[in-house]
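As written, the chains take the letters A, B and C, and residue 1 is the first residue of each chain.
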Amino acid sequence: MEFYIKVLEITCLHTILVLGAYLMTGLTGLFSLGQGGFVSIGAYTAAIAFLHFNVPFPIAILMAVLMGSVVGFLIGIPTLRLHRDYFLLVTFGFGEMVRAALLHLAQLTGGALGIAGIPKQVDLPMIHVSILFITILIYNLKRSRFGRNCIAIRDDELAASLMGINVYSHKMKVFILGSAITSYGGALYAFLIMFIEPNLFNWLESAKLIIITFVGGVNSIIGAIIASVVYYSFGEFFRFVDVWRDVLLALAVLFVTIFRPGGIFGSWELSLKNLLPWRVKKI
Amino acid sequence: MEVLKAITISKNFGGVSAVDQFAMVQQENEITGIIGPNGAGKTTVFNLITGVYPVDTGEIWFCGKNITRLSSHRITDLGITRTFQNIRLFRNLNVLDNLRVAYGIKTHYTMWEEMVRGSRAKREEQETEELARSYLAYFGLDQYVDTFPYNLPYGLQRRLELARALMASPKLLLLDEPAAGLNPKEIHQLIKTLLKIKEEKNLSIIIVEHHMELVMNICQTLHVLNFGKKIAEGEPKDIQQNKAVLQAYLGDEG
Amino acid sequence: MEYQILLQQIFNGISLGGVYALEAVGFGIIFNILKFSNFSHSGVVAITAYLGFFISKYVYTNFLVTLTITTLAGGFIGVMIEKLIFRPIRLKGAPLTLFLVNSITAAMLVQQFFAATLGDDYYPYPVFMKQTSINLGTLTISKTYTLMLIISGLILLLLTLVLKRTKIGIALRAASTDVRTPSLMGVNIDFVISVAFFIAGVLGGITGYLLGMTYSVDPFIGSMILKGIIAAIIGGMGSLGGGVIAGLLLGVAESLLIAEIGSSLTQIAIYSGIFVLLLIRPEGIGGKRYLIKA
């Protein structure tokens, strides 16, 4: 039973990270390979605050989110104006920079040895509540002006700006929110697995977040969640063939992009309307 | 009232003069046409007015405000909207959402209110939806509410683009080749619609067009461009006789 | 730093830079024509690195022969990747984001495949020559690095000739401006794209072999092309010449910095430098500010 709980914890935690990626990459088309940087920032900020400065747990988490948001803002300033491919590579660079900085500031961060002995403060209910909360947040944004603007920007930036959307400002909001969510996930991660090190979340893991979003379908939050749950729980159950699950994931993604480019779930969203077809309410 | 004033605007692309000292004045409630052979720089003029490209020289004034250096979204907010030569609807937003997107600038609620579905957000969302639906009805598109734009027949896509441009209650509407690809029946419909909305919404319209029947029928003034320069300006019937214009279109026929 | 060591570092930097330049060009060719970042290039590099190892260790240990075989294999693999991974979505008119996703996925596929099958072992290339370094006066120059430099230089020269003098080369350059132009020249666009991937694959093959030879092979060897991609950005996507120069500069800068301030600070310095550069000049050194057509 304990094993299953562990699996669920890891799976759901990664789902928080996928939600952050969904908002940024799926909905708005910002391809960031540097999300690992924010996971680390969140994790290290919370861990260091708690262990070295005796900050109470909730405040430590809050600090992690704030740190992530501020860094997101600073990184966003020069990068959000860049062409998509440049943005991708620059955010990758950011991820690597964070890793290098963590290695270098060994006094504070423990360097390559990382930080051990973080007490387990995070349990399943906390993660579930977090996911629920974040999902509702994103869902509300998605179905109103914010979400429409995201999709418009993703589809056609020029037309979006000519419809009155301040593209740069909107991207910044998305990026900060996404970074906040990712840092939050990172902070929880530290108090879940109790040990963190600079290689915690490398660019490949960041890429996986993006890929999972595409498998689920970029227009479907529930698609991203389900894809994430399937992938990460599969990985935990089959730990011994861990690397093969990535091969399978890759094959699944290729299959989806070639044969079902909308993603497995397309634009289907879990909502009352979809579950109760006979209670026809206006959208 | 002068709605738009372009003062000798020019745009150069890598040595090629796309627009050369173009100037025009547009009044309220007026329909004007910009015509000229292909490549004459007509769409570039639109791009300059709407801030897609910065002007190299010259100024653009809209309702007494200097909009020359403003960014596109600010210009739209002030009251200029447009359609495109190659339709640019948002492919992943359904028909209703394509319209709702265009009304976003008129709403005032913040991101935070959206996240928690605050009352102002809900109210303004309602407003947005009602306006969008009314336009769908106006353009005969209500049965397509859930459809995605590129599944619509071409003529209806054009209508949707026009509806989208009207959502934010513009004062000036720029239409880039609105008749392209339409059959004669659809073009007659378009003429009727444009005249109707001009009166009902008190709009000023500038049309870039190749289709002569359309421009001759509804434009009060025409500006003719060739190689980026304006070669003639006047009422349609005068333009039709203008030697320089005929030469530009037909070449040197003597 | 002492004069000799400085010179040595610069030389190392240039030869490393040569490999970065190859990577940048391999990456850039696809970007120019199809307008997306082809991460599957790392897959080609990884496959050819392993291939080069197995061939030279078990089949025939001769530097030039195995290099040639690996290189041609690289070209072939490049074409296969195009056919299996990119052509199906290209024919369906997929948006560029999907190409990007597929290329990242392909890279992951290759890396994890090798991690799953051959991950645990350590694969150093066989020693090709008795003496590993040449003594030039007071300098000790590594033979490996010299070879890398010569090969990179030759290949880039060859490529320049192909691009400027042959019909297919001109078609490739035409395709960079607009992917439909080759068909106006009477050249089949599918063929042009296959050739582009072949050339990129060949470059990838050489890169894989050289990297494998220098560093030994592991599943993550593909990720080493990220430096080359960075060179491509700094040089400006769209400018192959810019990519070459940037690659060389990057190699030298890295070489000198690592000797002075150590590996992790070098990373920070380089990435910060890129941030700043792109802030001032978002299109890179040689790139063109691309105009959106309304």
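Criterion: a residue touches a chain if its C-beta (ideal position, glycine included) is under 8 Å from a C-beta of that chain, and two chains touch if they have at least 3 such contacts.
Remember, it's a predicted structure, so these values are computed and weren't measured experimentally.
Asker: Specify the chain pair with the maximum number of C-beta contact pairs.
Answerer: Chains joined by the most C-beta contact pairs: A-C.
Asker: Please list the single chain whose C-alpha centre lies closest to the global protein C-alpha centre.
Answerer: A
Asker: On a C-alpha centroid basis, what's the spacing between subunit A and subunit C, in Å?
Answerer: A distance of 30 Å separates the two centres.
Asker: Whole-Å distance, subunit A centre to subunit B centre, using C-alpha means?
Answerer: Chain centroid spacing, subunit A to subunit B, equals 39 Å.
Asker: Let me have the rounded angstrom distance from the C-alpha centre of subunit B over to the C-alpha centre of subunit C, please.
Answerer: 46
Asker: Two-or-more-chain contact residues of subunit A, please, as numbers and ranges.
Answerer: 158
Asker: So which bits of subunit B are touching at least two other chains?
Answerer: Only 50, 52, 84, 88 qualify.
Asker: On subunit C, where are the residues touching two or more other chains?
Answerer: 292, 294
Asker: For the complex, which residues does subunit A have touching subunit B?
Answerer: 137, 140-141, 144-146, 148-149, 151-152, 154-156, 158-167, 173, 219, 267, 283
Asker: Report the residues of subunit B in contact with subunit A in the complex, numbered from low to high.
Answerer: Checking each residue of subunit B against subunit A gives 50, 52, 71-73, 76-77, 81-82, 84, 88-93, 96-97, 100-102, 104-105, 107, 109, 111, 114-117, 121, 125, 128-129, 145, 164, 168.
Asker: Can you tell me which positions in subunit C touch subunit A when the two form their complex?
Answerer: Checking each residue of subunit C against subunit A gives 31, 36-37, 85, 88-89, 92, 94, 96-98, 100-102, 104-106, 108-109, 111-113, 115-116, 119, 223, 226, 229-230, 233, 237, 264-265, 267-268, 271-272, 274-275, 278-279, 282, 290, 292, 294.
Asker: Can you list the residues on subunit A that touch subunit C in the complex?
Answerer: 29, 31, 78-79, 81-86, 88-90, 92-94, 96-97, 99-101, 103-104, 158, 203-204, 207-208, 210-211, 214, 241, 243-244, 246-247, 249-251, 253-254, 257-258, 261
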